[in-house]
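Two complexes are shown next, each including subunit A; its partner changes from subunit B in the first to subunit C in the second.
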Partner chain A sequence: MGGASEAVARVGEEPDVVTGESAPAARAPAGQASAGWKVLPIVEGLVLLIALVLPWVLQDYLTVFATRVVILALFALSFDLVWGYAGIMSFGQALFFGAAGYGVALMARDLNVTSILLILPAGTLIGLTAALLLGGFLLLGRYPSSVIFVSLGTLTGSYAADRLARGWYYLGGQNGIPSIPPLTLGSYEFEEGPVYYYMVLGILVVVYLLCRFLVRSQFGLALAGLRENEQRIAFFGYKAQHLKAIIFAVGGTIAGLAGSLYAFHEGFVWPNMLGVVFSTQVVLYVLFGGSGTLIGAVIGTVIIEGVSFWLSDNYRDVWPIILGVLLLLVIMFRPLGLISFVLGERERVGSFGKGPKASKEAGNAAP
Partner chain B sequence: MPLLEAQGISKVFGKLTALDGAALTVGENEFHGLIGPNGSGKSTLMKCVAGAEVPTTGKVSFINTDITAFTPTERARAGMSLKFQITSVLPTLTLYDNILLALQAHCSLFDLVLSRTRRKLHDQVMTMLTQFRLADRAHDAAAALSHGQQQWLEIAMALAGKPRLLLLDEPTGGMSLEERRVTGELLQPIKQHCSLVIVEHDLDFIRDICDRLTVLDQGKVLASGTVAEIQANKNVQEIYLRRA
Partner chain C sequence: MASTFAAVFEIVSFGAIIVLVVLGLGIIASMMGIFNFAQGEFVLLGAYVTYLAYAHGAPVWAGMVAAPFVVGALGFVLEALIIRRFYAAPIVAMLGTYALGLIIRESVRGLIGGFYLTVPEPIGGSIDLGSVHISAWRFTIIVITLLVMGACYLLLARTSFGLRVRATLENPALARASGISTPLIYGATFAFGAALAGLAGALIVPVFSLFADLGIRFLIQGFVAVMVGGVGSFIGPVAGAGLIGTLSAALPWVMSPVVADVLVFVLAIAFIKFRPQGLIAGKGV
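Let's turn to the complex of A and B:
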């Protein structure tokens, strides 16, 4: 016992035996300088650049298609936050997307409200409320919910909403709600085309940047812990269920925003928007592109929608089979998605320990 | 008043009785070893104390509060911390981020979203890493560490929240002799502010580091006392000889 006590004193006094330094804190951040944030900003910049020039090179009907893809990419971001970052398997993300779509469609049909200043906040609020209700029920137990419980719960919620919409005359039954008038801002009407495209692209960029800020924050680190080992972080004192409910609600909010934009862009809403079809589709976008990287969700959406569009035009009869095989191949051989061809594991997970002080020191330490 | 008092703890898994009225008392700044043959219920008792298992019967008090029904999160917030038997560092995160994750557990949501404590916690992260001889690997992924280093990282993470009681389940499992010696050195300083319960097979290690021991056999307490008392106990010698 005495020997151990002496050893303690030595540990406190002597330089570190491994590093040979007594104050490694000062030099440690130098390691961060070599962490290298290279690929991700380049990919993000390229995608943005391509997105910005698209309406200039595409025919009008393809710009309309591209607008739809941008809105779906926004929807994919919502699922990526929930699954890719927090590890919550939501098989019912379309519930929030569709509920907001139906909500704003009813506002337009019954209340003649089409102002973007009311429609978009209303859509996000509907998404948020639906996610809070479902998330509160599925995630906020005293003990953590199992993955199966959450995935089946969300799936059932989405399916039930789909069935409800199909059977409810007020919501238009099987046909949904057609002829939604255009979004307006004062007397200006947002018709399909480049203006609508740039508007949704602007919203996507803002939401993307907010998500990026969130997932790179200390909250993002807590999400990483949640994703990797929920039980472990509960033993640190994290309220894991609260973290899950919060990110689930954020995901629902974004899905709601996407749903309201989609409803006005397409001009109608129909039960599939709430149901299993859209819920599964968004899972595929994210898995295909690469979950846990925001840009992966965007790329996955663009590629799946683009390939589907092209295949359905050129291989009308067999395109779902070709697409299915393609998806299967990526998921089997590239479980981290297409983005993993260019993005390394270290950069994908990222580093959260870059405080202002650490960055400054890293800057000084770098040649 | 002891820091931790677990009384009459029973745990039944189907037809198997893992614990049968076991008890454990730990004082302030005490290093307490929990020993016994394989299957004697050491880890189960540890889990019942930590909240990873709910005891079938019995009561656990911690700092004069009945925590029997507390969740692991509530126990952690009350000042209790656990290092699992199987290392559960977060392998894809860097060592730095593993420690930061543990340190920021009590920050408010607002602080986390705005990363307001990142700068403040930086020095604490580096101090912990230095204390556990891992500072030079701060920005490596935890998966790249040796098994022994992962154990140290995990102990550092368990200590990050400045617990009053640390529960260590086999901290030296799979370590070399030298790593065991260093682990003993690393644990000693925490005695100033923290009590320790250790489940461990290495009796030499336990003897060197612990003040008191509790010996379990078949889910029951066989003996409890100082290291010297336990060493002199005929029943304890008997069960260890019997199973040797």
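Let's turn to the complex of A and C:
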């Protein structure tokens, strides 16, 4: 075996010598950047740039729509972290999103609390607590849980919460909680529009950068190992279940933050926010854009929401069918999502931490 | 006394419906290791076929006979085209079948609109037992469920086809080496599971009427039932379905329906957590 692979390697090297410079480019798969030229920062920069100028070019009602998309992108990020990086299929991510939404809506309705300085921490905390409880129950324990159990367990949790919200008079039943007052900071009120947009975008960028740091750290490396081969990571001495519970809680925290922003932006919360509808929606975003890349989750959200907004006037009935077909095609033929058209495998996997190896590679790549 | 009997009948008949729906789900999950998210939509399709037959003037029972064959044939085609790619990865299979279900559900929604369409019961009226009247059709559903259960058991346990299916489940490589065409067996099993869902949909449509989200309400209940019963055997999911169905029909009689609804799921998940192998562990029939 060893001899054969060496031979292959040697054959692979030969064209370099013969044809010179054109060979490396030819050998690199589509979109795989040659040394020193990375696609990911460019994509990220472009998305940020577009997001920054949007309110100037869009009409006001479209800015409101864009704000919603940015919040949903934050939500998608939370799912991507859990599924794309740690391989935990959370089919009930909306549970944390909706629980935080309901929680802050109740704070606003019953306690008259609308200050952003209280609401966002509270929503985040609700998401964290819910995720710790559910994740702790589903993931921890003497025996490791099967992936099927975790995915169906989260799905069931979210479905049960949906049914509870629908039937509970205190939570408004089918109609949810309407007319939530605007978010405030001192005497200033965050109305829908550019200010809310930039506030949300700022939060998204901060969370995105934190996530980016997290998944590229040594912890992220352990997570990636978990996703690829859980048993091997366990043999290395990692507490695989603890790692999973931690990242699940982080995901829930971000979902909670997104949920509280969403509740105040829309001005109402309703049972779908907790249930299967939003849970599967966020799965669609991430799979579509590309799981395992943070920017893929953002792009997937923007594309799906954008196209459905655009089509909803004329093709309202057909759009869900098209969405299903596209999703099926992506799952079958592009399991890494749309982002894989421009992003090569090597860059998606990336490098982790700041080991001595990384700097040496950078040095070698120079010629 | 009379009201107790009526309650028991109500509970048993709902339990029978859940068993009927879960039967196909359980066979696909146990024999193929796939949690089919499109199963609810197969139920929906069965109901839709029955409605179509009725709407075009055919007798309702004719639609009910046709439904399992139509849905089973569709299942066979879908398995060959799509599901086959997902066997290696159970999570991807979930997502893929979810997408399939989305397509089917939204197509049916487009065809019927947002309406609730009613289909009459082929056997109407009620059976009188002294002072108690029970719906004749619901009673028929219970009988048919028992018959289908028995037939499935015999098919899997006593026929050579059942033997091949079980061999394929137990050890695919050895089954192939013994000359069993495993892809064909997988296709047939999936088609069979889909046909059972189609039959369930056809039988329950007079009770629940036809609407696009008909399948969803059974899907999660079905998954939970399969997990509670235990994946890997035929009896397990059936037992789980009986338990979950009975529990979710019985609890609302003793407590508020909202709490009962949620309690069933919480209990089920807790049960699975502490007994992952389910009520009935082990493979085979």
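Quick notes on this structure:
Following the convention adopted for this analysis, the second predicted complex is superposed on the first by the 317 of 367 C-alpha atoms of A that agree within 3 Å, B and C clash if a C-alpha of one lies under 4 Å from a C-alpha of the other, contacts with A are read in each partner's own complex, and residues count from 1 in each chain.
The rule is short, and it goes like this: contacts are C-beta pairs under 8 Å (C-beta built on N, C-alpha and C of every residue); 3 or more make two chains touch, one makes a residue touch a chain.
Owing to the predicted nature of the structure, the values given are computational and were not obtained by experimental measurement.
Look at A:Y143: by the touch rule set out above, it reaches both subunit B and subunit C.
Which of subunit B and subunit C touches more residues of subunit A is settled by the count: it is B.
In the superposed model, A:S217 lies in contact with subunit B only, and not with subunit C.
Touch criterion met: A:G225 reaches subunit B, while subunit C stays clear of it.
Judged by the touch definition given at the top, the superposed model places A:L287 against subunit C, while subunit B stays out of reach.
When both complexes are aligned on chain A by C-alpha atoms, subunit A residues 143 touch subunit B in the first and subunit C in the second. Those residues of subunit A that touch subunit C in the shared complex are 89, 91, 137-138, 141, 143, 145-149, 151-153, 155-157, 159-160, 163-164, 167-168, 276, 280, 283, 287, 317-318, 320-321, 323-325, 327-328, 331-332, 335. Those residues of subunit C whose C-beta lies close enough to touch subunit A in the complex are 35, 82, 85, 90-92, 94-96, 98-100, 102-103, 106-107, 109-110, 216, 220, 223-224, 227, 231, 257-258, 261-262, 265-266, 268-269, 272-273, 276.
The touching residues of subunit B, when paired with subunit A in their complex, are 50, 52, 71-73, 76-77, 81-82, 84, 88, 90-94, 96-97, 100-102, 104-107, 109, 111-119, 121-123, 125-127, 129-131, 133-136, 138-141, 157, 160-161, 184-186, 188-189, 208-209.
Residues 1, 3-5, 7-8, 10-12, 16-19, 21, 23-25, 28, 31-32, 34-35, 142-143, 214, 217-219, 221-222, 224-225, 228-229, 231-240, 242, 246, 345-346, 349, 351-358 of subunit A touch subunit B in their complex.
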